[in-house]
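Okay, got some structures for you below.
Below are two complexes that have chain A in common, paired first with chain B and then with chain C.
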Partner chain A sequence: MMTSRPRWLPHPGWLLLIPAVALLGGILGVPLWQSFWRSIGSGDWTLEHYSALFTDGVTLKVLARTGQAAAVVTIVTLLLGYPYAYLMTRVGPLWRSVLVVMVLMPFWTSALARNFGWLILLYDNGLVQRFIALFGFDDVVLYGTAQGVTLAMSQVLLPFMVLPLFSALGGIDRRLLLAARSLGSPPLVAFWKVYFPLSRGGVVAGCILTFTLACGFYVTPALIGSPRESLIAQLLGQRTTQLLDFAGAGALGTLVLVVTLVLVWWANRMGGSMATIGAVAGQTGTRR
Partner chain B sequence: MTIGISRSSSTGPAGEPTGKGAQIRLESITKDFGLAHPAVDNVTLTIEPGEFMTFLGPSGSGKTTTLNLIAGFESLTSGTIRLDSQDVSTLPAHKRNLGMVFQNYALFPHMTVAGNIAYPLRERRVPKPEIERRVAEVLELVQLQGRDKHYPSQLSGGQQQRVALARAIVFNPRALLLDEPLGALDRNLRAALQLEIRRIHREVGTTLVFVTHDQEEAMNLSDRIALFHDGRIEQVGSPENLYAEPETLFTARFLGDSTVFALGDQPVTGPVTWEDERWAVDSGTVAQRARSGGPTALVVRPESVGIVRDRAQVPSGANSVRARVRDIEYMGAYRTLLLAVGQEGITGRARIPAADKNYALGDEVVAWWHPDAQRIVAA
Partner chain C sequence: MYMGAMPRRVARLAAAATALATVALGAAACGSDGTGNGDGKVELTYVSYGGTGQDAMIKSWQEPYTALNPNITFINTSPPDPAQVKAQVENNAVTWDLVSTAPWLASQNCGTIYAKLNVQYDASQFPPNLHGECFIADFRYSLIFGYNAKKWPDPATAPKTIQDFFDVEKFPGKRGVVPALQDGILEWALIADGVDPEDVYPIDVPRALAKWDSIREHTTWAANVGALLQLVTSEQVDMQLMVQARYQAALDAGTPLEPVWDVTMTSINGMAIPLGAPNQAEAEKFMAFLLLPEQQAKMAELSGVAPSNLLSQPRLTENGEKINAFGPANTGRSVAVDPIWWGQNWNQISDEFNRWLNV
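Our next item is the complex of A and B:
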């Protein structure tokens, strides 16, 4: 005989969600709310902290610089990641695992160790500089510049580009390319008209992941970049740890969050699959 | 534009194909993937203009590889492929001007039906008004008017395959290549699309190469069948020819059912013996390849086999053998008796009327057939 459960009582399976919900609410929801609450004057209902962002002459500049840096990183990882992901769909299971391990390597090294590693490589007269000098580029400075930061960030963010691309490219039926060729397209045209459009979901997902994550980078620009070219996360860190301007930091944080959410929404409309993003984010973690 | 899909120009007065489309000549072509034996092994075949040629064979027999070689998706290890007199052996696929239809349709999912069909025309820089006209024309030919703005995912399997067919013929290819195009469809739809493909072939009149592993499909559709076996062509001929006059045991077994009596190496010019039976041989029924020596087999189709209760009832001049009824299959239009034949009890088949319920499992019977209904093939 089954004991019947009243209609209004939720299924007991939902009880399993309580720890996760409590944890998320406690360590994400509450602080998020607090910083937002402070940004509007802790009950004073003022927008002065927001208007200050647009008038202080620094925030907008840093925001634009961050966006630009993130965009460059996104383009670099896309150009590197697309052929890489394509290769992953073309090789056997063994080589595919090797390629996955190689691209995930940055995640298995501590963020600090990795950044100091880049530091050593990028120093003036360091390994990288001496290497590219062999090709005649002997005036390239990487330490303390945006280029150096871009390089280091691209390495870490490559998996966020490669994995959604791989899942999108792996789902494309290669016989479509044969069909296009039989219908009169040379191989490159077949790729451009058939294969590439079908990979758009993966491209958008990878770009949005990479871009939003790049926007929040802190350690890498702080260590490798120049203090005069700080990015938005450094500005946030400065406000909270040095200026103790929690209201201003809250407003800045909220602004960045809103910009990011708008971008994600837009990308979703562009055909990127949130399911792909979620799966990949879950697979790799978001440690930086 | 020369050979439109306009029906007036493609069929003669009696509706007979006027035989346009290219001749396809395979001259000793071989494709070796470096495996135990070549996927296609020294195949020579001429497919005539306008002909409906079917490549039939079990999976792994080389029929699809041969089609891919013709299409240009695979490169030849050796040999020559000619379209009419042009050597296309090294011509890339996109320059061969051959229409291809795949088993999984291979429609471009990001394009509409009209976009898919217009694709080969756009690649050929056909002016826009003409593209629209020809897309409409070919949609009518495959009876999909009004579906032009649908996406492939919104269509049923049968409709998708019609779109694939339309896309493959809209640019007047020199020949149409179909790789198991009906393999993914259910039985009724297959039958409907077989009729459709035959009609379209009649109306367009192009050379058509059709790959299938389904012998019924091959028999229904083809002008000629090339039966593939282990990378080679076992036999080429009309469906009637392959069914009635198989050269080898493989052919006899692949097309239709038969009872097979292994004859070993005995001469087949005169009467032959099997177990303790002695059978007359009609020299007209001995396959060319069985005359040259080597092991042979005698095969009889089930519809040629008569069943009687004892030897006295066997018509004079007929060959006969003792058998026991092992099973009875009711097929609707007829019944098939499965027999255990002779001392060894090899499997035999005889077709009897559906209404004939005189036999029960275990009955001892005599199976007989006329010598001119049997066939002696190379085994």
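Our next item is the complex of A and C:
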């Protein structure tokens, strides 16, 4: 990462940021402002589009469903990702590469191919259903249900949990664990009281990334889920492309953005920091 | 080390994205003045659903038109996202000339987003009131009730009326439907509930939804027609309400489907011109051309949709004829979805339906 420390006069190195800022400002900032502007009536100040969200009987329900799905995905990826990332810090370089490749696989496949792959796996009498039936659960329906969507989203989002965790866990000095053991702590207590608190930054960073990304998923619920169990992105799509209700869609988008930012702010205060997210890129980029 | 590949990959991706964005911006900037320059050459930007359907449009409408009028060529793109039409019109940056559109949408936004049309055609060759003020019916399609013959092999005991679709006692099994209001699923439920087809409009929405409620737990709502076709060909559903062209695809794929010719909903697909399109007059001439019997027949043969011109006589395959709701195979009744009524009521009913669907 850059280490320049500008005083009151900016360091010339900041000039390098101009293209990025211009690009983000142009393709993200301006449209974002426009859709917010439309949502409050394009100058004729009104909050009707916002009040409609709370009274139409479907938005809040879908918002809650989206939050719930994103929370489940976050927990699932955390439970799967933590031991996985831990293992990555404990094996040799070869196996570590194998583990990295395995977790990054979803990145390298086209979103459509991946989702259609899941579709085939999740069908009635498909591979997943037959596998689950081996354990005595024969009536689990995955295609067209929130469960199926959660499963597919968890796989796709796993890297976003594993990478920050790996970055955080890799930086933990294992001698602290030895010290705890030598002072008489049982292994599990040493893990819980020494190791886990040190990893909290990674946990929070991974959870923030996974949760916010899960909130915006569109293709997976649209393909694998059911219109009966829409998530918020589908509702947004419908408002824009079917009802041509740009103001209403802007209001919904703004609401989702605010809810997400509040959650991120709260999680940020809980421990860890946004810096950990940046640190993933930083560590992988410079140190290794 | 081992993670070294990550950031480089990300950097390359970012570079590629930037390049792409620049190219796209550049293309958008030149697009608006790249057409209709002085020497009589006109490029019409044609936007439809992509895939085999648009390929069929290119072969049956565009290529013959360019052969007759060498100065007119086409740029094809997809999808015909109405939100993009609205954005283009609002920002005075219309680059699309011809766009496939749900007819109710063109009717709802007639004169505000879509241009009022002046297309020359012989009205006697079309069913009455088929074309609208802001759209032409470039083809027709139908929503057909059918079932899997493996599930009910004996025609004597198989589903015969549209009431049977809602009768899970007599015909247990999974139903597949796309929740697309424009195809007529509410009208169809009302008719099954005893409403006379002449009296379905204005739609009694609570009554229609109550009818759908009666089989709610037995119905798989597919996200789109492609998803329903997947469900049908992989035999995940036992009966379905599906559009005609997809029946042909399923039959061609060997799925043993039988249509039930009792009441079939027919709809039209619309083609419209965005307000302020660069070449409206040329686009209207092209519209008149594609409505001719021969062009309509060719499109039907290539894609499985039905011609809107009554004089056109497509030569269909055996499977195509078997599920052609507009041909002699259909021994039942056809009811046309009313796009004008939907244009006036779409937003409210769509919200109501969405609420019902997501309860």
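Just so we're on the same page, the second predicted complex is superposed on the first by the 259 of 288 C-alpha atoms of A that agree within 3 Å, B and C clash if a C-alpha of one lies under 4 Å from a C-alpha of the other, contacts with A are read in each partner's own complex, and residues count from 1 in each chain.
Definition applied: a residue touches a chain if its C-beta (ideal position, glycine included) is under 8 Å from a C-beta of that chain, and two chains touch if they have at least 3 such contacts.
Keep in mind that what you see is a predicted model, and the values were worked out from it rather than measured.
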Quiz item: With both structures placed on chain A, which of the two partners, chain B or chain C, ends up touching more residues of chain A?
Solution: C
Exercise. Give one of first, second, both or neither to describe whether A:A222 is in contact with chain B, with chain C, with both, or with none.
Key: second
Exercise. Scan A:L178 for contacts with chain B and chain C and give back first, second, both or neither.
Key: first
Practice problem: Name the contact category of A:L119: first (chain B only), second (chain C only), both, or neither. | Solution: second
Quiz prompt | Contacts of A:R269 with chain B and chain C, given as first, second, both or neither | solution = neither
Exercise. In the overlay, answer first, second, both or neither for which of chain B and chain C A:P186 touches.
Key: first
Practice problem: Have a look at where A:F246 lands relative to chain B and chain C in the superposition and call it first, second, both or neither. | Solution: second
Quiz item: For chain A, which residues lie in the overlap of the chain B contacts and the chain C contacts?
Solution: none
Quiz item: Residues of chain C touching chain A in their complex?
Solution: 1-4, 6-7, 10, 18, 21, 81-83, 86, 105, 109, 113, 179, 220-223, 227, 230, 234, 236, 346-347, 350-351, 354-355, 357-359
Quiz item: Which residues of chain A touch chain B in the complex?
Solution: 173, 175-176, 178-187, 189-190, 193-194, 197-198
Quiz item: Which positions of chain B touch chain A when the two form their complex?
Solution: 71-73, 92-94, 96-100, 102, 104, 106-110, 119-120, 123-124, 167-168, 171, 177
Quiz prompt | chain A residues within the chain C interface of the complex | solution = 19, 23, 27, 56-58, 61-62, 93, 96-97, 100, 104, 119, 123-124, 143-144, 222-223, 225-230, 235, 238, 240-246, 281, 284-285, 288
